[in-house]
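There are two complexes below, and they share chain A, which is joined by chain B in the first and by chain C in the second.
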Partner chain A sequence: MDVLLTGLAAIADPMVLLMTVTGLVIGIVIGAIPGLNVPLAVAIALPITFSLTPVAGLAMLVGIYKGGTYGGSLSAILINVPGTPAAVATAADGSALTRQGKAGKALKMSLYASVIGELISDLALILFCVPIASLALKFGPTEMFALGIFALTLVGVLSEGNMVKGLIAGTVGLLLANFGVDPLSGQFRLTFGVRELSGGWAFIALVIGIFAVSEALAMAQQSLTTAKWGGVSLWSRENRIERAEWRQCAPAIGRSSLIGVLIGTIPGLGSAVAAFLSYGLGRTLSRDPDAFGNGALDGLASAESGNNAVTGTTFVPLLTLGVPGDVITAIMLGAFMVHGLIPGPALFQQNGDFIVAFFALMLLATALHFVIGLAGMSAFIQVTRVSKGVLFPIILLLAITGVYVTTNNVFDVYVMLGFGVLGYFMKVFGFPIAPLLIGFILSPLIEIGFRQAMIVSRGSYDIFFTRPIAAGFLGLALIVSLAVAWREWRRPAAPIEREI
Partner chain B sequence: MPKFRTMLRTVAAAAMVFGLAEAGAAQDYPSKPIQMIVTWNAGGSTDVLARLLAEPLGKELGVPVAVVNRAGGGGSLGTMAVLDAPKDGYTVLATSSGNHVLTPLKNDVGYTYDDFIPIGQLVAASILLVVREDSPWQTLDDLVADVKANPGKYNFGAVPSVMPHLTLQGLVDNAGLDLVLIPQQGGAPGATALLNGTIDLMPANAATVASNLKGGTMRGLAVFSEERDPAFPDIPTAAEQGYEVYGSPFVGLAVAKGTPDEAVETLSAALEAVANDPAFQEQVLKTASAITYLPAEEFGKVWARDWNNFKPMLQK
Partner chain C sequence: MRRTISADTYVALVLLLACAAVLNNLLSADLSGPYASPATLPVAATVVLIVLSFFLLAGSLRRAAPPSEPGLSRAAKLRVVALFVATALFIAAMAQLGYVLASIVFMIAAGLIFGNRNPVSLLGAAVVAPVALFFFFEKVMLVFLPASRLFG
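Up next is the complex of A and B:
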């Protein structure tokens, strides 16, 4: 009881409140601006937190983390440019809703789904932290490979009706990820002697180029007068979320939150993988799968609850094992250490009051996220009042600055422009973009998992069938592939060209 | 009135000429913000150290020091960026074993350690040999005996060709072991692999596994330094246990060759002052490791020593 009281007293500090709010605002803004990335914001904030109390310092970092994971959806919805990799799956439906004049509805659902996902994830962390910690250690290289292959079948799911072009885009994504340093030997590969390519294609340049720059190029073709969007009122009739829509989205949110909770627990996967898995599963289970990519509210809800549901349970491996699950929690580990808080089993015994404070902080941050998100929405929706002719030059400028600030490399700005041209032609010829990014994100997971597993098994393929979790995912992958192939086979001719 | 204007113009011109002359004079270094290039991503151990250093170093120099991350290519992109920048002392390299010695030995990146002037070493990190807390091995001898009895059975994890890997390779050669490397993507993924049983042992930077060691999920069998690490006084050195194997990655500051002497001296003096400040030492101790400051000349000797030490391993 004492532990509970001292822990909660630490949260009642106004400084904690201030830092959470500051962190959330910074996170949402950084997340929403294409090009600026959240890990960099956390790294810059880290030294500042050293002079604060542990809880106040972590409040700021947690705020940036939660806000940043959500912030990417704002630009994805409003301008079809995902601010973070995790928001890529949100872009298709979000931007379609905006084009239909329902930006307010999309923004609201994104916030609600994100906050619900976060809340479920926080509760999973608080209630089941120790029991689900063992899950974090169930995923070795073999399981990572199998999960990667399963997730890759999403390329097929999302390409239904446009299968050949979708698979080509997915393959290009897989190939693009192979440039740079060989992840196992450390040798340069596919760099063609170009020094700048030794880092591979910068993900940030790829995403911003293929979404933002291509959009700006497409804009240049349209006459500026027809490109005006007109403002959208957040609280107008057509932007209200109806009861029927809630009924449609609620199962998607619940299911995706669960996926996010599980993905968050496993180190090394991250919110983008959770978003894609949730979105793909949402489409498979949807009664109207062809609506996905054309403004499906449940598609948006799936992606957004999926990626934000990672933010709570990602602390499970950190707190129980001292293993950070991604770059952001790796930086936060530094904040724990500097205050003498050593993650691991002992933390729960010796620093019970801190654990209580940290759990309370997670809930506080989620609640404040909702409040700040509501306020921010009214501000961000004003973007729809700006005519596209003005908006896209500004986005282009932001993108160039953002990519340069993040990588400090002019080469990556050119790479971004190059991918912009690629994205433009993909749009013109009807190639979907999401499969390319899925391939790019999953490629290292699959390659590293496969090669590590083959070393562990000393060259025997049996390992993929004798380990139950791996075999299970590979079986699921087979089933999904066959189901997609069957549906595609039976699909009537004259496919509908969709932009994903 | 016109007379006044002429006068203003003259004054302005004079001020400009004077100002330019001032900026050109080396004794006024530094007169503008300094860039400190980190060749790794934000949040890594070198980056955290550089960010901790930036503020007090800036105070000491009287101008702001800004940390800039130029990651990629095993640290070679950021290192080359320092060589490409004007050699005026306003671009400083936060350099580490990886980008300074190992990457140029491994790949043709267009520079060697000798293209730089040392400013000073800040940290020489400890490399620890760690196992899971439930591992049967209590000492290095236990491990060596078991591995010798079961050649090719046990896996170790490390990022290929970086300091922890090369150090363990030294032990493998020294003791005649047969271990299988499962290449890892970084310290944290390596720690996960150790805890989930993919690998049986791991050489790691002390900072990477500090939370696991103090939290009780891992046990350290040896440290590959000449002295025990003050943060882990219970972990004996490899040499104490009869294995003369050493490995210790450095982090320090350097500038490109051709930088004026005045700038090098000013930077060296400022770094020495910061490194000897107890408040700074305490802060670094909490996050990374103990400050092991070496003045410029000594730091340069470390470069040459490591270069010659690892050359035969990496340039096959």
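Up next is the complex of A and C:
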């Protein structure tokens, strides 16, 4: 009881409140700006937290993490440029809703789904921390490979109606991720003698190029105009979320939150995988799959709740095993260590009051996220009032600056421009972009998982069918593939591209 | 009737050429590893891509291309090319002119390409955005942006 009271008293400190709010505001702004990323913001804020109490310091970092994970959706919805890779799945339906004059509805659902996802994730962290950690330990390379293959079936799901082109985009994504140093053996591959390619294609350059730059190029081809997209009133009738829409989105939010909770516990996966898995599964189970990508509110809710449901359970491996699940928690590990807190089983025994305070802090940050998100929405929606002639040069400048400060390499900025041209031509020739991103994200997971599993099994493929979790995922992948193939078979043939 | 070649045909041919280059690079490299080499996945992906490219090619040849729609106007194509060139020049100029000066010139050029003819918003955005970003990164985030080589 003393531990509980001491822990709760720690977050009653006004400094904790202030730091959480500051972190959330910084996180939302950083997340919304294409090219800037949450790990960078967390790393810069880390030294500031050293002079604070452990809980106040972590409050700021948790705020940046939660705010940044959500912030990526704002630019995805309003200007079709995802601020973070995890917001890519949000961009399709979010930007379609904006074009339909329903930016307010999209922003609201994005916030609500994000906060619900976070809340479920926080509760999972608090109530099932230890059992979830033991589940995460069961994920070895074989299971990672099988999960990667299951997630790869999303390429097929998101390509329905345009299967060959979607599969081509997904395979190109898989291939692009294989440039540079092999992560297991250190051998160079596909560098074509170019020294700068030894590190592979920078992911940030790929995402920003293929979304922000290609969008700017596509906008430039439209007629000369300084027309605005049409200002949107946040509280107008068409931007209200109706009860029927809530009924449609609630199952998607619940399902995607559980996916996010599971993905969060497994080190190395991250919110982008959770968002794509949630979105793909949402489309597979939807009564109207063709609405996905054309402004489906449940599609947006799936992606956002899955994406944000990672933020709580990412701390499971960190707190229980001392293993950071991603770059952000790896940086946060530094904050724990500086304050003399060593994550692992001993943390629960020796610093019970801190654990209580940390759990309460997660809930506090989620509640404040809702308040700040609601207040900030009115400001962010003003973007729809800015003319394209002003907005797109700023987006391009932000994109170039963001890639430069992230990689500190001019070559990667040129790479971003190259991917922008690729994205532009993909749009022109009717190739979907999301499968390319999915292939790129999943490629290391699949390759490393496969090769490590082969080493463990001494070259036997039996390992993929004798381990229950791996076999389960591969079975699911087969079922989804057959379902997609069946639906595609029954679909009328799509028209081919016009002559050039 | 004149038989036209669809865009998909060209895309498939470009993909096949790219696959040939990738396969040549992978197969000529000395890549080895236990049970599965670093070339296993890229080679597999390339083979899949070749098969898919043939599907695309076959589909585009089997079906006649639809009648030509009114395509992009010459001015629209020029704007896209101009924006690409302006962006490439800006990236090259950052190190020579410095971030702020190069950004101001780029912002004006990009604004004009996007059709902004209002001098107040054109110049306002061109000055405010680069200066704000410069101070944000250099003073708040403590990340250095390219300085001018020409002006020291």
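Following the convention adopted for this analysis, the second predicted complex is superposed on the first by the 490 of 500 C-alpha atoms of A that agree within 3 Å, B and C clash if a C-alpha of one lies under 4 Å from a C-alpha of the other, contacts with A are read in each partner's own complex, and residues count from 1 in each chain.
Heads up, the rule we're going with is that a residue touches a chain if its C-beta (ideal position, glycine included) is under 8 Å from a C-beta of that chain, and two chains touch if they have at least 3 such contacts.
No experiment lies behind these values; they were computed from the predicted model shown.
Judged by the touch definition given at the top, the superposed model places A:410 against chain C, while chain B stays out of reach. In the overlay built on the shared chain, the residue A:479 is in contact with neither chain B nor chain C. Of the two partner chains placed by the overlay, neither chain B nor chain C lies in contact with A:194. By the touch criterion defined above, A:219 reaches chain C but does not reach chain B.
Contact with both chain B and chain C is seen for A:44 once the two complexes are overlaid on the shared chain. By the touch criterion defined above, A:389 reaches chain C but does not reach chain B.
With both structures placed on the common chain, the touch criterion links A:397 to chain C but leaves chain B unconnected. Of the two partner chains placed by superposition, A:5 touches none, neither chain B nor chain C.
Contacts of A:429 after superposition: chain C is touched, whereas chain B is not reached. Looking at chain A, you'll find residues 40, 44, 184-185, 187-188, 451, 455, 458 touch chain B in one structure and chain C in the other. Of all the residues in chain A, the ones that touch chain B in their complex are 39-40, 42-44, 46-47, 50, 136-141, 180-181, 183-188, 195-196, 198-200, 267-268, 317, 321-324, 327-328, 330-331, 333-334, 336-340, 342-347, 407-409, 448, 451-452, 455-456, 458. By the touch criterion stated above, chain C contacts chain A in their complex at residues 4-8, 10-11, 15, 22, 25-26, 29, 31-36, 38-42, 45-46, 48-49, 52-53, 55-56, 59-60, 63, 65-66, 68-69, 71-72, 75-77, 79-80, 82-84, 87-88, 90-91, 94-95, 99, 103, 106-107, 110-111, 113-118, 121-122, 125-126, 129-130, 133, 137, 141-143, 145-146.
Across the interface of their complex, chain C is touched by residues 40, 44, 164-165, 167-168, 171-172, 174-175, 178, 182, 184-185, 187-190, 192, 213, 216-217, 219-226, 387-390, 392-394, 396-398, 400-401, 404-405, 410, 413-414, 417, 420-421, 424, 428-429, 443, 446-447, 450-451, 454-455, 458-459, 493, 495-500 of chain A. Touching chain A in their complex are the following residues of chain B: 41-43, 47-48, 51-52, 55, 68-74, 76-77, 80-81, 106-107, 109-110, 155, 159-162, 180-183, 185, 188-189, 191-193, 195-198, 210-212, 214-217, 283, 286-287.
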